[in-house]
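Take a look at these structures.
The same chain A turns up in both complexes below, where it pairs with chain B and then with chain C.
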Partner chain A sequence: MTDHESTLTTRHGDLLPDWVVADSRPGYEGVIVPVSRLIEFAFLLRDKLGYDLLSSVTGVDYLPDGKMEVVYHALQTIGGAPFVFKVQVPREDPIVPSVVPVWPGADFQEREAWDLLGIRFEGHPDLRRILMWEGFEGHPLRKDWKEPYYEEDAKPYKSRWPEGHVRRAEDVAPLHDNVQYPPGFDPESWTPDGDEALYRGLRKYLEDSGSELKTDRLIVNLGPQHPSTHGVFRMVVVLDGETIVDLKPVFGYLHRNHEKIGERCTWIQNMPFTDRLDYISSMSNNFGYALAVEKLMGIKPPERAEYIRVMMAELTRIVSHLVAVGFLLNDLGAFFTPVLYALEERELILDIFEAVSGSRMMCNYFRFGGVARDLPEGVLERVRDLVENRLPRKIDEIDRYLTKNEIVRTRCEGVGVLTAERAIALSATGPVLRASGVPYDLRRADPYSIYDRFEFDVAVRYHGDIYDRYLIRLDEIRQSIRILKQVLRDIPEGPVISGKPQWQVRVPTGESYGRVEGPKGELGFYVVSNGKPNPWRYHVRAPSFINLHTLAEMARGGKVADVVVILGSIDIVLGEVDR
Partner chain B sequence: MNGMGVLKGLAVTFRHFIDTYLEDFKAGKKRYFTEEGIRQRASIEAKGIFSIQYPEEKLPVPEEFRYIPFLVYDEGENGERALRCTSCGICAKVCPPQCIWIVRTNDPVTGKPVPAPAEFYIDVDICMNCGYCAEYCPFDAIKMDHNYEIASYDRFKEHIFDLNKLSKPASYYAKIRPANFARETAEREAKAAKKAAP
Partner chain C sequence: MNPIETLDSPGYDIPPEMRGQVNITTIDRIYNWSRKNSLWPMMFGLACCAIEMICTAASRYDFSRFGMEVMRPSPRQADVMIVSGTVTKKMVPQIVRLYNQMPEPKYVVAMGACASGGGPFKEGYNVVSGIDKFLPVDVYIPGCPPTPQALLHGLMTLQKKVEKESIKTSRWYSRRPVPPIPVPVLGPDLMSPAKFEEIREYTRKLAEEQAQGVEGDQSTQDAGQGGAA
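On to the complex of A and B.
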């Protein structure tokens, strides 16, 4: 950790101003910037040092020190490790200048930090709650906030053993009585302030339509209960006829405070919860979390485990992209035939996951320092059959079936365009970024695990429209098949976990940021340990959450029927967006 | 020519449609409601119709499949049950949603703990089937089941499994997970042999 820190500071040592100091706490990296000069530093980082994409913004509540810290991870789209910088403010009434003017992609993440930690970002254009409901009292990720079913600060709970007299959670807090309302609050006669503010913000469009025809502009809610939104997701749209003037996404309906659950759990207990983020690609989620914790623990998995991990991650990518392509066609109105063709292949891959991990979707297969168990007999042959024979044939079939279809092309080409500059500014990653002509793929840009050993191309397309976002997913499936062939060729024999499997791991003090190129984009896990059996802070940089920044950008000026397809082309999973 | 893309796409769907009947014709009656037919339709060579007619047909589950834990007991010669569980509590401590409750037995005379559970509960509404309890149990006493059809009419009465409902014989475990059972038995015997040798 210390040599990582020194490389970072020496890399830009002479370019960094003298008012930033290296973070000298043991196990920490990056620099600490004074709050008053944060914006100045952000501009310097973006314009002089080329950190054009702000990957992650989050807060950490250091309750014992009375401090609130905001942690930023910025990266260069030409590749390399992220640059970490932090600001520290007093815990009571923390105010930090917003970096939205520098990196517009900080928008949702700053709102999230406000919502969950109560950090006020001065100058943020729209600082409303984002994940919790609008009337919610308090900021749940603060260390002194306690949930309704609160039992203890950390698992394992003492009530379970050795005197474990069983009871249900709802016996303690009956179902109608498990929500904390502020005093004098009546849910029946209440309009949320946040919703009011949202509509007020959009009302400016209603006043001047500027058109010769005296047309009325309308505010329309698409969702939250809408079959096209891939879950419970709401888009508030201002319409001028059929044209979209502006759009605001509203989400958080599936919020369960994954990060608070993560802080209550022990390190290993958290692994199965990561499955439930992006439930289409649980193996990738496991991968990112395992990498973050392994970095802290300073362990490396054995060779065979590395190969198995890559194999699972690439199979997951194929599954996720197949589902994305299939449901994109559903959104276009090709009702369920393409989806079901895609799901056939997915089922075969899920059979493999089930044989290996015991579960089709909630795999929980990765452990710190390896994987849970070796591949059972016959699995490698099955994967080989799939990868060598069936999958390439089926991908070609999907290609033949859809790519040249005139209806698909008319609906997708030139619709929902996102330029490279805007994609970077809005912190988009994954296929959304690459379809806009930015060849940024973590597997190449900052290789993790053993990706530096494989031959593959970073798929990139240049138009940034829906059609390219569709094509790039097919390209990436083909590249994944290429990687899988190399994995199957090279996979060695040997152990699959370093050391003995442990049900309680010791994680040294410090912070770490593990990131993988998930199917939806850069999936990052920021963890802070204080040496206890539970993480002090556990944060997920969820790619589809952050990619949603681009939705309004792509939808503006388009037709209302296209917004459904545009949303489909971003490929969100609400389990991950809402966390 | 405009429209060729649509037509070529339709050729793909038509092919799928035909395939189902071709496969039916080739395989005859054994394609449906037979083990062979199910295996064929779930295999990598599958063509045409792909789905399984649940509940008349069921996909075979792989050995590692995990669903709700159970407690393993060894059967004595006279049919008495010897639970392997020593109530050490590792499963309750590693359980992510904390759905396991154990009451340890105390010796009525000395008051010291005895290695056997007095009570053992799993709230199956909370269990997330992660399999940690089975993975980290040092005594091979708790294992994941294969039976996924446990729907019931009354969740208040029936969804907290007690010792009686959780206990299943080692022979059942050997049946659902033959490879794991064989490996674990061999390991235990090797350990015992090592212990017996001076």
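On to the complex of A and C.
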């Protein structure tokens, strides 16, 4: 019995059935489940073993083996490491049973795997494309699919290095643009599919209006250009008067192909791209990716780097929660004034980021095995001043202005309620989950880095309404300040990166899932290495994206004006939703 | 330069007793002066750059000093469209439509690397390499994202451009109305209506190559993938 198999047995005794086999490939973890018994296994995992939250679902295209693999990460909300299980299907016409009946939170992620990899999930209630539009040609993340500006399989490109002459992609591409069409295609005869498939799903509501009053039901689009949607997000709502009957989110207006680009970049080249996922909290994103790759490489950052990392991650959390609270008030109609208060504090923290990393927003500060450079002189004093004096006072100020405000309370209390059961079933994480009464915080549940050394409380609220989601962000800012004080007290001197800085790291074969408690929820990076300088698979488990499962649940039965506030209380960032 | 000096045209003799009470200027100057100091941006953010745009509007940088604080969510009330972020193929039809809905005179500022030319995401399959493929851009602002100072500089550059315009030569005051920009269509890939002919020519050639390739070798796969060839 290998080490890996014995850990599986010790964790689960003999509860694992004998028809699942441990994944024996070097560097891989978890078990492989036969496709035919996936649903049976999923029920067993959820009901017998207590893995109640399905964190991540994604596909990997193993082109050389002719296989398509679907990787699931399930976790227990009482804490602990995630359980990894996989199914393998042939690459041509891959069909996998959908686990939506077991974990409804698999919905969007399975749609994404269908959209980008062409894996068909049988039994999925609404298997449409999610990030690209209906009618788009091909499944872009398949390894044999090439984009119009395709140059080579892996960076650095020979045209740039070592020869060093660059031609513009427009000059090389046959149509002098980033487009391609199938042979024999005639644009005149193309009838755009538009959103027909989407509206077809909603039309059933138009027929039976159930109410005694004769009312017409309407389908209304909010977005993608809408002042309150936090970016290019679109919601299609069915309205009965002012009441929302159903809601469907539409994604992809900011789909920037992080994963396809990421599989072409070298490991370290991906670091700046992670900044641009959740562009309000770039340091947290760096953290998650660095953890995932470090796990594969088997290295640990030196002490001082760990403290710097935690400091940056907690400052980021404060920034993100401040912005969330500010814009929530924006959505409530208090236009821009609360945001001004929030952004004032944010600017002070951004100054620290700029001093440390050279950039306000896109920090690109973490490296595998540490951070890029040591803190410049005077930064610790500035952080100390912020943490000891200014921030606690300002948070109290925001608290005093908003928490007891009558309009805030009337509009937020009891609106957009999400119960704990539904939050878990829909795979919500972060403040959304904790405001529903589930005390699940990765920093405690499965501590990473040096979070096990700090004293802090996991903020939790129990009503699951907008008001609690607002309050929990204030609570978490206060806990972050508490952690920051301990960091400032304990931070040691020493090196900030282990080994010498490398521009091309060697990453051994295997898979790894690095996750951090980002400000929005569990941010996971699933990476697969085949020993080459580039990741074979680079997948981001984006908390904003998966938390959006809860939107329709919370909005149904509410008023149309509330849906905007509900969306604000989930706190999404489109860069991360669409990736 | 003092704004009054730019407004005043001292080519005419004003009697001494009326100096300070009467100013003589040209229509262009007074019109451009008032226009450039009330450029209303559209409240419309695409990606990361939008956050910096919000910061520019907030208290520390405060672009209301330049008469730009009135951000309008409706294109009908906006003068300048700040394309703040990555333009994706899925979004570009909406952006073009928004531009068409803006009343003239209208300006476009490409904020950041993505809007100017695709930026770090240029090679992505869903990314348009620069909004200037579809809209006429007046000012490009480099940076990823540009700092608020850079955005302010870009907007001041736009003000300078507005200052130099003339009613006689502006395209929106010509006799014929400016035709709207054709809205791109989402097909198997993004299709610009102006390029239908070119696309048809290209796909016909591809089909021919493929027909020949079937007899020949396996290279049809590559040809079908366009850029690979």
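In this section, the second predicted complex is superposed on the first by the 549 of 579 C-alpha atoms of A that agree within 3 Å, B and C clash if a C-alpha of one lies under 4 Å from a C-alpha of the other, contacts with A are read in each partner's own complex, and residues count from 1 in each chain.
Rule of thumb we're sticking to: contacts are C-beta pairs under 8 Å (C-beta built on N, C-alpha and C of every residue); 3 or more make two chains touch, one makes a residue touch a chain.
Keep in mind that what you see is a predicted model, and the values were worked out from it rather than measured.
Q: After superposition on the shared chain, which partner residues are touched by A:Arg390: those of chain B (first), chain C (second), both, or neither?
A: First partner only.
Q: For A:Met361, is the partner it touches chain B (first), chain C (second), both, or none of the two (neither)?
A: In the superposition, A:Met361 contacts chain C only.
Q: Pick one for A:Asp490: touches chain B only (first), chain C only (second), both, or neither.
A: In the superposition, A:Asp490 touches no partner, neither chain B nor chain C.
Q: Between chain B (first) and chain C (second), which, if any, makes contact with A:Glu188: first, second, both or neither?
A: Only chain C; A:Glu188 stays clear of chain B.
Q: Quick one: classify A:Leu254 as touching chain B (first), chain C (second), both or neither.
A: After superposition on chain A, A:Leu254 lies in contact with chain C alone.
Q: Please work out whether A:Glu122 is in contact with chain B alone, chain C alone, both, or neither, and reply first, second, both or neither.
A: Neither partner.
Q: Thinking of the overlay built on chain A, is A:Val166 touched by chain B (first), by chain C (second), by both, or by neither?
A: Touch status of A:Val166: first partner only.
Q: Is A:Asp93 touching anything from chain B or chain C once the two structures are fitted on A? First, second, both or neither.
A: neither
Q: Using the superposition on chain A described above, determine whether A:Phe273 touches chain B (first), chain C (second), both, or neither.
A: both
Q: For chain A, what residues appear in both contact lists, the one with chain B and the one with chain C?
A: 169, 272-273, 344, 347, 362
Q: Spell out the residues on chain A that touch chain B in their complex, using ranges where they run on.
A: Residues 155-157, 159-166, 168-169, 265-266, 268-273, 337, 341, 344, 347-348, 351, 354-359, 362, 364, 372-373, 376-377, 382, 385-386, 389-390, 397, 400-409, 501, 503-504.
Q: State the interface residues of chain B toward chain A in the complex, per the touch definition above.
A: Touch residues, chain B against chain A: 2-6, 8-9, 12-13, 16, 42, 44, 46, 50, 61-66, 87, 89-90, 92-96, 98, 100-104, 113, 119, 121, 123, 126, 128-132, 135-136, 144, 160, 179.
Q: What part of chain C is in contact with chain A in the complex they form?
A: Chain C residues touching chain A: 43-48, 50-52, 54-55, 57-60, 73, 85-86, 88, 90-91, 94, 98, 118, 120-129, 133, 144-145, 147, 185-191, 195-196, 198-200, 202-204, 206-207, 209-210, 221, 223-229.
Q: Mind listing the chain A positions that touch chain C in their complex?
A: Its residues touching chain C are 131-133, 135-137, 140, 144-151, 169-170, 172-175, 177-188, 190, 192, 224-227, 231-232, 252-257, 260-261, 264, 272-273, 276, 279-280, 336, 339-340, 343-344, 346-347, 360-362, 574-575.
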